[in-house]
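Please find the structures below.
Across the two complexes that follow, subunit A remains constant while its partner is subunit B and subsequently subunit C.
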Partner chain A sequence: MKSGVLFVNRLGEILLFLGEVLKTLWKRPCKLELVLEQVWHVTIQSFPTTAMAGFFVGGIMTVQFAMLVSEFGASAYLGGLATSATIREIGPMLIAFMLSGKVGAFTSAELGTMKVTEQIDAIRCLGADPIQEIILPRFLGIIISSFFLLTGGLMLSVIGGSTLGILFAGINPQEYVRHIPTILGFPSLMSGLVKCMSYALVLATICTFMGYFTTGGAKGVGRSVVNTSVLTMVTIVVFDWGTSFLGQLLMSWFAVG
Partner chain B sequence: MSIKTVSANPFSALGHFLIVSFKDIRSFSQLVGATLVQLFAHLPRKKETFQQLYFVANGSLWTIAFCVTFASIVTILESSFHMKIVIQNDSMVPGFASVLILRELGSVVTALLLTSRVGAGMAAEIGSMKVTEQIDALKMLGINPVRFLVVPRLIASTIGCVILSIIANMVCILAAMIVADQFLGYSIGLFLTAMRRFVDFQDIIFASIKAFCFGIVIPLMSCYFGFNCKSGADGVGRATTQSVVFASVAIIVLDFILSYTFSYFY
Partner chain C sequence: MIQYKKLIKSFGTRTILKGIDLHIKAGEIVFILGTSGTGKSVLLKNTVGLMKPDSGEIWIDDENVTDFTEQEFLPVRKKCGMVFQHPALFDSLSIYENIAFGLRKHFSLPESEIKERVEQALSLVNLENVLAKRPGEISYGMQKRVSLARTVVLRPKVLLFDEPTTGLDPVTTNSVNSLIQNLSRKLNTTSMVVSHDMHCALKIADRIVVLDQGQIVEQGTPQELLRSQVPLVRDFLAEARDLL
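Showing the complex of A and B:
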């Protein structure tokens, strides 16, 4: 009962914070240079990690599907199946897990240190709005750059998958790529991209929220870092289910109509 | 990471990168060696080990069960979608989904969640001990910090990860079964029969071996970055972030290697 109340309380706090940030974006947008600076920082920091994760996720899915598919003699479909499964579901989720550890933890540690050392109060004292000056550039920067990072990771997963197709299943790259368009239709691609977009939104909201409301000194910073990555992962899994469900609902409507 | 400190000359940058990574690898393997020696040289500290086991296993149980449930629901719905495209019916879905859950999803998602919760916690704890000079104090008192701090965490995390991955696999299969029964029209008996055809006992053994390896990697990474923490609150935050990132990448690479190796045993 108590934990339920705490959960609803936390959810409300996050939604109010998100509303505040969006209102600031609408009324008093920050400078474009600040956003671009954040995009550059986040992308340059996390691109190697994301690329590596994407490559290996593609490879793992190919190995697993190769074992299953070869039982049915349908090796021609290996590339299509592995790519579709990676792009629709596993890829965005695992790469977003990685980003929550990298970008989310870093941003909430940075903001939390600012909060604990009273730099945010200093900004408010100087008559500036901390949400406009500090939170908003990071929020937008993380959304933009993690969307592109996730998409880049998915592209590399195709390369990883075809590499493992050569090494493990003995399928040449042309054969691997040939059936991707037949299985991975436009709706599947859109579903993958919508997932990337929603994970980017979740990541940006939670890490800025957790960093902005850190209390309790250096120990509090550590606590908010851990909470950020756990909460982001839980929310990403829930959103994964939600977007899949929504996608299937939309597809069934369009198929009927 | 350290792009700003390196000069623009690409050869110099490459050399700097090689030297730094060589030093990192050397000190990491020193830590691993010291941990192995201390693991077998003395009996582990019982009380600390049990406390850590409680923190690892009991503390993460509900989070992991919750996440894994949703992940398995998505897996079975998506694999039904794919099956309908390729072979026009989805009669193989229960078998495929249970194989996928047991071989990949259960242990990897569990390990990634444990990394972000337990690994980050351990790195933050040991990092702040390092920053407040408690580890130097331990050395002054003649206590080996590896035996005192790393070994209990290693044992607890390994046991905890294996147990949690078994529980996660059970929860996953149960959730997939319920979804298949309610939404896809496979009764529970049909699901179990299909699972029996596709899944061998060795799948469960391999899943546990995977979880065992992941459980070893997490505390070693966290303790390494905690011990090498730079001073200040900023340093603890960076140590935590780095430990989570490196442990996650290590888990994905290790999972790839283990999957590749096990594929020769089927």
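Showing the complex of A and C:
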């Protein structure tokens, strides 16, 4: 019961914080160069991780599907199935996990340190709004770069799937590619992109919230980093279910319509 | 200048400030002494709106600022500069940009004037040739001075120091204490210094206020404090004598 109340309380705090950030974005947007600086930092910092994760996630899916489809003599559909599953489900989620460990942890540690060393109080005392000055650029920077990193990671997952499939599973390249457009339709692509966008929003909100409300010195910073990673991953899984469910609902609705 | 009326502040079930009544006169250097957790820093943070009191009033220059919004606090923060326990410098900015930060936010000045005022503030804290450096490239003592320069560059009427000598070696502690005294006199500011250091308070304070468990247990000039019979004050004095 108590943990349920705490959960609802925390959820409310996060939503209020998100509202405050969006209100600041609307009323007092931050400087564009601050956002671009963050986009640059986050992208450079995380591209190798997401690229590698994407490449091998594609590979894993191909290997797993290769074993299944060969049993049913449906190897021709391997490329389409592996790519669709990667783009719709596993790819965005696993790459977002990587990002939460990398970008999320870094941002909450950075903001948490600023909080416990009174830099955020100093910003307020010097006449600036910390949400506008330090939260908003990071929030927008993470959303923009995470979206690019996730979509980039997904592209690499397709390349990884085909390359590793060709090299290690003896798959015919033409056969692999032929059925990708048939199975991976526009809805699948959109579903992947919507997921990327929503995960980016989850990551940006949680890591800036955790960092901004850090208390308790170095130990508090450590706690914020751990909480950011755990909460982001759990929320991403819940969002994955939510977006999949909604996607199915919409698709069946359109199909009936 | 600054007046606290029956100020109460709690965190959860723990009451930190239990009805503080205090009046700081213009031009005074007032030291707030007390053991850790007695609410000294909380008192300063309430003054500039970084925290809100649960009840009571805070008056600055005949203006009740207790319920001011963040926006309404802007002119108050221009008037009352705060030097934090940590240097609280922004790591990503150069020393020059750190000191100029408040000037850019509070005023619209031409770059030439900003540069002039930054250099002036830096010379007030006896520092030079550090403008292009980052906070990580200078010593902790120098960072404390830069933090002081960042506050005085705004030419505040009130300076609030939160444990300004914590973490400093004795030599740097002495120089920071002299700086506090010199700056307060030179700039004709009112200063409130939160500290544990009775030795320094006896040397430079006009008045010393001793807090214990959220209440004022003693206040007076250094000479008056020397005659105090309050046990906590006697402990502080004994420790100060040990240092001599």
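Basically, the second predicted complex is superposed on the first by the 257 of 257 C-alpha atoms of A that agree within 3 Å, B and C clash if a C-alpha of one lies under 4 Å from a C-alpha of the other, contacts with A are read in each partner's own complex, and residues count from 1 in each chain.
Criterion: a residue touches a chain if its C-beta (ideal position, glycine included) is under 8 Å from a C-beta of that chain, and two chains touch if they have at least 3 such contacts.
No experiment lies behind these values; they were computed from the predicted model shown.
**Q** Report clash or fit for the pair subunit B and subunit C bound to subunit A in the combined superposed model.
**A** Once subunit A is superposed (C-alpha atoms), there is room for both subunit B and subunit C without a clash.
**Q** With the two complexes superposed on chain A, say which partner A:119 touches: subunit B (first), subunit C (second), both, or neither.
**A** second
**Q** Return first, second, both or neither, reflecting whether A:248 touches subunit B, subunit C, both chains, or no partner chain.
**A** After superposition on chain A, A:248 lies in contact with subunit B alone.
**Q** Now for A:52: first (subunit B), second (subunit C), both, or neither, which partner does it touch?
**A** first
**Q** Is A:127 touching the first partner subunit B, the second partner subunit C, both, or neither of them?
**A** Touch partner of A:127: subunit C, not subunit B.
**Q** Once the structures are superposed on A, label A:200 by its partner contacts, choosing first (subunit B), second (subunit C), both or neither.
**A** Neither: A:200 stays clear of subunit B and subunit C.
**Q** For A:219, select first, second, both or neither according to whether it touches subunit B, subunit C, the two together, or no partner.
**A** In the superposed model, A:219 contacts subunit B only, not subunit C.
**Q** In this superposition, which partner touches a larger number of subunit A residues, subunit B or subunit C?
**A** Touched residues of subunit A are more numerous for B.
**Q** By the touch definition at the top of the document, which applies to A:14: first (subunit B), second (subunit C), both, or neither?
**A** In the superposed model, A:14 contacts neither subunit B nor subunit C.
**Q** For A:85, using the defined touch cut-off, is the partner it touches subunit B, subunit C, both, or neither? Pick first, second, both or neither.
**A** It touches subunit B, and subunit C stays clear.
**Q** Just how close are subunit B and subunit C at their nearest CA atoms in the overlay, in Å?
**A** When the complexes share the chain A frame, the smallest subunit B-subunit C C-alpha distance is 11 Å.
**Q** Which subunit A residues contact subunit B in one complex and subunit C in the other?
**A** The answer is residues 117 of subunit A.
**Q** Can you check the complex and tell me which residues of subunit B touch subunit A?
**A** Spelled out, the residues of subunit B in touch with subunit A are 1, 3, 63, 66-67, 70-71, 73-75, 77-79, 81-82, 85-87, 96, 99-100, 103-104, 108, 112-113, 115-117, 120-121, 124-125, 127-128, 131, 233-234, 236-238, 240-241, 244-245, 248-249, 252-253, 255-256, 259-260, 263, 266.
**Q** Applying the document's contact rule, which stretches of subunit A touch subunit C when the two form their complex?
**A** Listed in rising order, the residues of subunit A that touch subunit C are 117-119, 121-129.
**Q** Which of the residues in subunit A come into contact with subunit B in the complex?
**A** 44-45, 49, 52-53, 56-57, 59-60, 63-64, 67-68, 72, 74, 77, 80-81, 84-85, 88-89, 93-94, 97-98, 100-102, 105-106, 109-110, 112-113, 116-117, 168, 183, 218-219, 221-223, 225-226, 229-230, 233-234, 237-238, 240-241, 244-245, 248
**Q** Given the complex with subunit A, which residues does subunit C contribute to the contact?
**A** These residues of subunit C touch subunit A: 45, 48-50, 70, 74, 77-78, 81-82, 84-86, 88-90, 101-102, 105-106, 147, 150, 154.
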